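Down below are the structures I want you to see.
You will see chain A twice below: alongside chain B first, and alongside chain C after that.
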Partner chain A sequence: MIHTMEISEIKQKLNIGKRKKQKSSPLAVGLCFMAAFLICLPLWMIPTGALMDDMELHQILTPVLNGSDGYAVWHPVPFYPTVEHFYRLLIGSPAFYKLFWNSVGMTAAILAGQIVIGLPSAWAFAAFRFRGREVLFGLYVVLMLLPFQVMLLPQYLILQKLDLYATPGAVILPAVFSTFPVFIMYRGFTQIEQEILEAARLDGAGEMQIFLRIGLPLGQTGIRAAMVLSFLECWNLVEQPMAFLEEQKDWPLSLYLPQLDISQAGFAFAVSVIVLVPALFVFALGQDALEEGITYVGTKK
Partner chain B sequence: MESKKKVLKGFGLFMAAMLIMTFVSRTVYVNQMPQVRWNYPAAASIRNTLTVDGTVEAVNSQAITGMEGLLVKRVCVAAGEQIEEGTVLYEVDMDDLQAKLGQLEAEEEVWQEQLQAEKKAAATEITRAQEDYDTTVAELDRKIAEQTALLEDALEDLDLHLFRIPEEDSSDEIWIAWADERTRLDRVIADKKRSIEEAEFEKEKLLKEANRNIEDAQSAKREVDGAYSVSFSGIGQIQERESKIKTWRQLVVDEGKVVSQQEGTILEVMLQSGVRMGADAVMRYADAQSSLVFRTTISQDQKAKVHTGDSVRLSFPGSSEEVNETIDSIVQENGSYTVTIWLEPGVAQGRTEGVMEVVSTSEVYDFVVSKQALHNDGSTNYIYILEEKEGILGTEMSVRSLTVRLLDQNEDKAAIMDDLLQSDMKIVVESDRELKNGNSVKVE
Partner chain C sequence: MKCRNNPNGIHRNRGKRHGRNSIAENRRLLFLLPGLTGVMIFYLLPFLEVVRRSFVKAGNNSFVGLDNYKAVLHNAAFRLAVRNTALYIVLGVPLLMGISLVLALLLRRITARRKLLSALLLPMAVPAAVMVLVLQLLVDKHGLLNGVISELLSRTAGMSAFYGIDYLNSDGALAVVLCSFLWKNTGYMVILWLAGLSALPRDVEEAAEVDGANRWQRWQYITMPELSGSFFTIGMLSVLHIFKSYREVWMVAGSYPQENIYFLQHLLQNWYLKLEFDQMAVLTVLLSGILLIVCLFLQKHLEQGKEA
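Up next, the complex of A and B:
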């Protein structure tokens, strides 16, 4: 209840959901539609390309492939639609499934690790006041801001020491300790009023009880938002697997597409469609939480 | 919340579908995967068995010429058949023989009549020549005798005239008259002598001519008597006709059956029933004393497996006879090689065809594989090496092609060589499907 009130207050402050309907000019609407069209065009190319046969794709992509004069003119609707690429992908490509389940496993492990490691960290930052908290949190933020390339060598050395290099753990372990979900979850937990926590303590609730009974239910939006963002990040990992995994059998699905050359464009489009599906499901499941989570990031409490 | 449940349900269904499709895809993949059997290459020698067909030939075969112009009624022998002296080789059509013989005899009769006429004419010619000779000789003898008599008269007149020499004191007129007379007599004597010489010369000349005529006439008569016609080209025809008549008459006696003159083996029959024979040979045979040879032709590749002096086994189609012989010679002829084996006396009698089998064992090669392991794309030989491949699906067995040099081979094995070839390489020797370089495979 309190949580709902908090959200309503925030929304009120940000004027979300209470905007007055304003009459838009046709020009603005047209420009918006034009921009939306341009943004969505690549997305449209994925399913249409997956349904085109190789001959049509070759015809379209010839100027790109040969580097000759002219432009690739995309067909909004395939002239010769075919499900050949999907058939080949779904029936004749066991390697795709191998990498798909690698990605599923890797993502699940990372998310589980982040729940186990990151969630208590975020709660600690949000619920407790201790010496060096600000410094420690600052370090978290700094770590969050550091690009992967900066952390590559230290991570490599540590993974070598731990004998995790060239194993899935080399990707999972650093991701488990990612600070970004901690930051998002922390922001979610900070939305809980300290008075509520104090009241619970006065009522004799232990810290674990407070975390489980109050923290988790009230901070679930932040947790979900963190998980959605983490899922999307993990599902699309490219640099970490390329840097830390040597054997193809350990690769995630995100490295499958780079293996395909342009002559397999139709197949690559079909792969893209299937790769998109889990991300779309997760996004649909966590869209509301994601929106709120993003607002937490921009809110100072 | 309801929509979220639907999304969650959809997500679950998607994951379930992916799980099912994983199994389906893996099953299809495995089922399409070639199943192979492999083996290590072994050091071994290649045992080659070369089997080639050949012919059994007589070293001195003889031809039997046909009865030219006669019609064959039946051929009584076949190639490879052993014949005795008196064996009927073939029969001619008796009606045709009788007709042809009658025709020849009629021609002979006409010719004999012509010959008699020619003989008679020749005899007459001789008589005439002799008569001319006699007449000429008589005439010339008479002329010579006449001139001789006149000469003798002139000589007597001269002697008498010399005896009547005038007195020394006789007048000049007398002396002139005497001298004139003497001169006349000398001239007459000289004339007569010259006449006699001319007559003798004429006689000699005419005698030569008459003698030549007589010789010509006698020569013509001799020719006629010798049954030679006036033209030399006819001699052969007459002799041939007379020979034919003689042979054909004997053939009539033999009821048209042509028989062998000696024992031997028929090598070839070029005769067919109902065909009129020409002047060519109609059969070829080897007599019993003739040596036999086996001859066959081998290619350049086969030559590498066969050497002079190699032991070979010869067998003969349609017979259980098998003999061990030695290759006597291998001669190159027009890009191929002719193998000759002289057969022991009594071997392969009555045979015209044979099969030569040579078994040779090569040196020991380092890498010998099953023949099935060796592939050829038209220009190069290659094998498939089985090795582990790390891929997305993990460690799989895959095949890699390796071009090799073929050193030797037989029906089952092949000796190969390549710098990259090692004895611990797993070589694919059998596959249930066509392999391609890089194929993942199942190992049996």
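Up next, the complex of A and C:
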């Protein structure tokens, strides 16, 4: 930060009389604002749609609903704001509650499992040198980069064999052993200097002690990054529950929305708001960690 | 990297001499064991089983060599899916890389970029199901996008007879998929470009500017060579993200979409539902083979960068 400030000061001094540089900055700001605006614009429809009453929605969406001539329009601000959809959702939709708590339960179980199982694995890769470490870690990286569909058949076979198919465990267990959070937490741990660990070992600290007293506190950024990324992924699970859960009562919330017909748009938008709020909350709290996690994947140590 | 390993190397040798330390050594592996067991059970072993199945006949388990592979390679749906997936990659990767690079270069000129970056990253937090609802209203034949286009056309060109494009059921389907892919992933790649650019010594650039190098020269001789490593990494990650973007495609267009957006994942998913496991095994092996090559290139590249 200080470095960039110094440079910008020097730059200002050097650039006296040069208008070219100063002119380019507003343009950059303008273009970036435009991109940000375009990206966020469609999201505005979600809260506004949730607060519109059915009459208004039907009126502006008639062309889409009936396929009649003309085009749908949107009111950036609802004419007659109402919370009737939320009321219906919270009072009169038992299925919604069930699926909401399914989602919460699944996400909590997966994140807890990743901490209990994945965190020590990450520590083992970061703190110890053992035979086959490089190969094994390479395997972990490949596994984390593969799309789900590649693992669809393999996981189906093993879930059948273990009698887990069509139980919540079919979604939770493979996710618990996902190698992605291990990688992210590993990268967080590698920020710790090996010398510190060596010193602790020479002073007679046990491995468990080193892990708990040095690893956990110093590797926090990586742990937070892994948890944020995992949460966003778990809250958004679609293919796994679709493939491995048969009964609707076991589904997560992310599969509830696609079932709603577009004619109940207001209700669907209200559900969207409820789905969106926890994700945005985590995003707002953990944006730094999120950015850190992204750079872990795409940069060298 | 080598010298970093050294202290541990010494330690390990010492461990072999003293019994107490070799117990410690075993205890260390207890950290890894639970996780590794799970990875073996849920990922590696079933995957190897699928590799085996790709060479045998589904019913009686007899070895049939490459027969399953031949069947898949001659399958019309497979060829269509390969063509579409390849086209999606060829269009999507350069677009994503280009747009995110431009945004990253622009963002670098802005000091207060936190808020902007948040806005670009926001789509990462939006669950696919939520976005699909919005997307449907936008790209419907009578949807908001066509409404805006027809409004613009009638105002500027005086054209009033604009027939709305049915994007998801026409050749425009790929454009919709591309836009949703870009929407979701641009912020992610901007972060990576910014990380690559932050390694670039700013003083060099400043010095060149003072020496009178114009913007193009600075880009050509300073920025671009420095970013060449990032180009590769971000390109490979973009390819992998294309494959991960299937979720949105499936949710917005279903299992049997317009034929331009019928991808390899649709095929896998549909074979799964039809229980055609031997074909699925072959496709799993082929697809993971290709992606494995991408991953290995990526890893090798990052390893090399580490030593430099």
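Keep this in mind: the second predicted complex is superposed on the first by the 263 of 301 C-alpha atoms of A that agree within 3 Å, B and C clash if a C-alpha of one lies under 4 Å from a C-alpha of the other, contacts with A are read in each partner's own complex, and residues count from 1 in each chain.
Throughout what follows, a residue touches a chain if its C-beta (ideal position, glycine included) is under 8 Å from a C-beta of that chain, and two chains touch if they have at least 3 such contacts.
The structure presented is a predicted model; accordingly, all values stated were derived computationally and were not measured.
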| item | value |
| --- | --- |
| Combined model on chain A: chain C and chain B, fit or clash | fit |
| Touched partner set for A:194, first chain B, second chain C, both or neither | second |
| Which superposed partner A:152 touches (first chain B, second chain C, both, neither) | second |
| Touched partner set for A:101, first chain B, second chain C, both or neither | first |
| Larger contact residue set on chain A - chain B or chain C | C |
| Which superposed partner A:57 touches (first chain B, second chain C, both, neither) | neither |
| Partner chain in contact with A:251 - chain B first, chain C second, else both or neither | first |
| Which of chain B and chain C A:285 touches, first, second, both or neither | first |
| Which superposed partner A:227 touches (first chain B, second chain C, both, neither) | neither |
| Overlay on chain A, chain C to chain B nearest C-alpha distance, Å | 16 |
| Touching both chain B and chain C, residues of chain A | 256, 282 |
| Chain B partner contacts - residues on chain A that touch it in the complex | 90-101, 104, 247-249, 251, 256, 277-278, 281-282, 284-285 |
| Parts of chain B lying in touch with chain A, wherever the complex brings them together | 4, 7-8, 10-11, 14-15, 18, 21-22, 24-26, 28-29, 390-395 |
| Residues of chain A that touch chain C when the two form their complex | 3-4, 7-8, 10-11, 14, 21, 24-25, 28-29, 31-33, 35-37, 39-40, 42-43, 45-46, 61, 63-64, 67-74, 117-118, 120-121, 123-125, 127-130, 136, 138-143, 145-158, 173-174, 176-177, 179, 182, 194-195, 198, 201, 206-207, 211, 232, 235-236, 238-239, 243, 254-258, 262, 265, 268-269, 272, 275-276, 279-280, 282-283, 287, 290-291, 294-295, 297-301 |
| Chain C residues within the chain A interface of the complex | 4-5, 7-9, 11-12, 24-25, 27-32, 34-36, 38-39, 41-47, 49-50, 103, 106-107, 109-111, 113, 116-138, 140-144, 146-147, 150, 164, 183, 186-188, 191-192, 195-196, 202-203, 206, 209-210, 230, 233-234, 237, 240, 243-244, 246-247, 250-251, 264-265, 268-269, 272, 277, 280-281, 284, 287-288, 291-292, 294-296, 298-299, 302-303, 305-306 |
